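Attaching a single structure in structure tokens format; questions to follow.
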Amino acid sequence: MASLSEPVISVTRLSKVYRSGFRMKRIQALTDISLEVERGEIFGFLGPNGAGKTTFIKVLMGLTEPTTGGALVFGRPPRDAAAKARLGFLPESPYFYDHLTAREFLSLATRLSAVPKSEAAGRITGLLRLLRMEIAADVQMRGFSRGMLQRMGIAQALVADPELVVLDEPMGGLDPIGRKEFRDIIVDLRDRGKTVFFSTHILSDVEMICDRVGIVIEGRMAEVGRLSEILTGEVESVEVTVRGVTGKTQKILERVSRHTIKSGDELLLTVKSEEEVEKIMAICREVGGIRVVGIVPHRPTLEDYFMAHVAQAGRKP
Amino acid sequence: MIERVSGIALNTFRESIRDKVLVTLIVFAVLVMGSARVIQPLALGEEAKIVKDLGLSAITLFCVLISILVGGRIVYREVEKRTIYIILAKPVRRWEFILGKYLGLMAVLVVSLAVMTAAFYAILLVLGVGAPLYLMLAVLMTLFQLAILTAVAVQFSTFSTPITGAVFTFAVYFVGHLLRDLKLLAAMNPSPVVKVVSYILYYALPNLGNFNIRPEVVYGAPLDPLALLFSGLYALVYTATLLLISTLIFNRKEF
Amino acid sequence: MLTEVTPRPRPPGRAGPLAGVLPAVLIVWGFVGAYLLQLSIDRAGEDRLREKAVAEMAYFPSGRFVSQSSIEFQSLAADFVWLRGIQYYGYHLMSDRKYEWLGHVFDILTSLDPGFVGAYHFGGITLAWDAGKPHEAMDFLVKGMKANPMNWQIPFDAGFICYMLLRDYGRASTFFEAASKMPNAWFILSRWAAIAKAKSGDFQTARDMWVDILKGTENRALKALVVRQLRNLDLTESTDRLQKAVFSFQEDRKRMPTDLRELQATGYVERIPEEPYGGRFYLKDGKVLTTTPPNQRE
């Protein structure tokens, strides 16, 4: 029985190789991934499409076996029923039994999750209410929209009141309102003491709600840690906007700036350090007649970080 | 355990009972049985035998088809539609899943058998041919045969596509009825290799001929209750073995 | 709520209301054409006798083949062969009275379903009388007795053939005796055993036996066969009686009677019996003949 201080998910040097096709071509889906997910945190598993996120989650759920390395959920192997009893899973683009109504499906889920019969009905009603599915409770799921299916997905994942919730691309196909709702649900789960692990390729979702992030690119772990640690917070660049610059002055300024864009009678200069900002200010004061309209410092965002990593991975042989 | 298995079984039952293939096959079976009316004037006094043969054969054949066609998809469908991800992520053991699917499908077959048998008796009464209850023994033996055949279908369903699985299951059905002939031929063949191979096949493959008591039942000939009992046990043991094999295959399956 | 201010214009190229009719009409004509063509094909096929003969034989593939391809439905396959066999019999009864494949068909039938007693009964009798193959019929019935050791009908048929056609009274009696001991045996069988033992080969016995067969079956074709045989029996018996009278006359009067009426007038026969087929008895060269030709004694 895992104690409360032990990590909920513990993955050590996990690799997964697929063999496909007649010639048994080797596809390395995951390489040497290690990470830990602590209790009570929201962990975002971020990576571009095809990076191996779903494969990783399948290993966590016991749907696929690792080639080397291992994963433990609540300190037990993924196919252990005791581990599964404490988690809820929402797969990507979930599909359910057409012929069942929402209520019937959740009832099946309670049966499979060993939810005591006395509590089952109450839980189902509560979840339907939470996910605003009450109106459609007795409608067959074959008529459900993508958003409704996604909500049903979360509902069945929560039916056993699990300690850990694993979601694969939960925001997929949702409109902005739906995504906000999901984000709120995830945050609410964390606030109630649960641990949430979700994968996504959408940066803003991660930025908004995750405590910790794991960035995976082409099957390898690029970085794991707190967002605040990954994004150092140092000013990366400054964008200075000036107006009323003549041709000669422009050329001088262009030499200082790393990157210049002319927009109407405005000039946008990008510089890397405070000294360079000072230089520009000095030039402007000297020339006269130039108005400094704006100075905007840029701190690196996750997107910058991400794009840099992807570019770096792309440059590898 | 019971909750999980019965949950899956019930779900499988509800899903399969709405399958259009199922309804079509049941309707066809009843139509075939009804066509016995047409045969009456041509049969020269043998109507009773022909109607009973036709009815019991239709019941058997169409239920075999249901077993093969619906059974072939039973696991594949879940994998293809990925509903299985949600099921297996729950604390459901893989063998519970297989058993639940199997029991759900058997429930469908029992219902189909019941409907067809009721129609059969109705037709017998309408045609005035006589509807003794012991004819149902033939239906019972058919049920035993279906138990084995469905297990075969489920097994193929764990690793084959529906069409391939259906073809293989039908092949097992076909060969399963030829085994007696095989044994006789082997006894007459001088080569010891042929003998050994034939005997192995005879005992390894399901001997479905055990369950065909239609000739005895139609002629009202006496039946050996001990043989029937042993046939039932054979079905039980063989089915359990097949389900175990299916579980082993399914345990190793990756998604 | 939005309302359409201007009606939406019809998309260009949209067909008129009759557009759906044309394909339907074409489809109907397609089926009519296929039907007419099929009629012509069938008519052309009918003219080819060889094809017909082949077609007849094609209906009776080898027993082993039928058995194995029937998987577990051999009894049902036997039923289909039975129906086909009856068709074959009926067709040849109405046409050339040649039953070349009858034995083969019934052999396959009973190999598929050895317990099909009705097939042995009908097959045995038609083989013996209509097809004129009593020995083949006997072999067939012996096969049936082996497969159905407790059945009384088959040994009765065997005894019947021995008695009527083969004139083997000893063997007939043995069969009747054996049949009478079977469960549910017809009570009259022991009587027949005694009669056969007594070697009576008279017409009344034969007639009685045929009537027993008639009473014991619901098979219309078999009943028709019995009626035919009874008529034949009448003819034979009447011819026989007249012939005996002719010989008596000859012995007494040292000459042939001029015609049958003289026989009657002189009291050697009480009356000229009615010819069962509607013809007339007459005398020619001392032999009693009938106007009905052999092939019309149906």
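Each chain gets a letter, A, B and C, in the order it is written, and its residues are counted from 1.
Basically, a residue touches a chain if its C-beta (ideal position, glycine included) is under 8 Å from a C-beta of that chain, and two chains touch if they have at least 3 such contacts.
Chain by chain, the UniProt names read as follows: A = ABC transporter ATP-binding protein; C = Tetratricopeptide repeat protein.
Everything numeric in this text was worked out from a predicted model, so none of it was measured.
Viewed as a network of touching protein chains, the structure reduces to a simple linear path. When every pair of chains is scored by its C-beta contact pairs, the maximum goes to A-B.
Chain B and chain C, compared by their mean Cα positions, are separated by 40 Å. Chain A and chain B have centres, each the mean of its CA atoms, that are 49 Å apart. Centre-to-centre, using mean CA coordinates, chain A is 86 Å away from chain C. The set of chain C residues touching two or more other chains is empty. Of all residues in chain A, those touching chain B in their complex are 58, 61-65, 81-82, 84-85, 87-89, 91, 93-97, 99-100, 108-109, 111-114, 153, 156, 160.
Put simply, chain B touches chain C in their complex at residues 39, 42-46, 49-50, 53-54, 57, 60-61, 173-174, 177-178, 181, 208-209, 212, 214-215, 218-219, 221.
By the touch criterion given at the top, residues 68, 71-76, 79, 82-83, 86, 113, 115-116, 118, 122, 217-222 of chain C touch chain B in their complex. If you check the complex, the residues on chain B that touch chain A are 3-4, 6-8, 11, 14-15, 18, 81-83, 85-93, 254-255.
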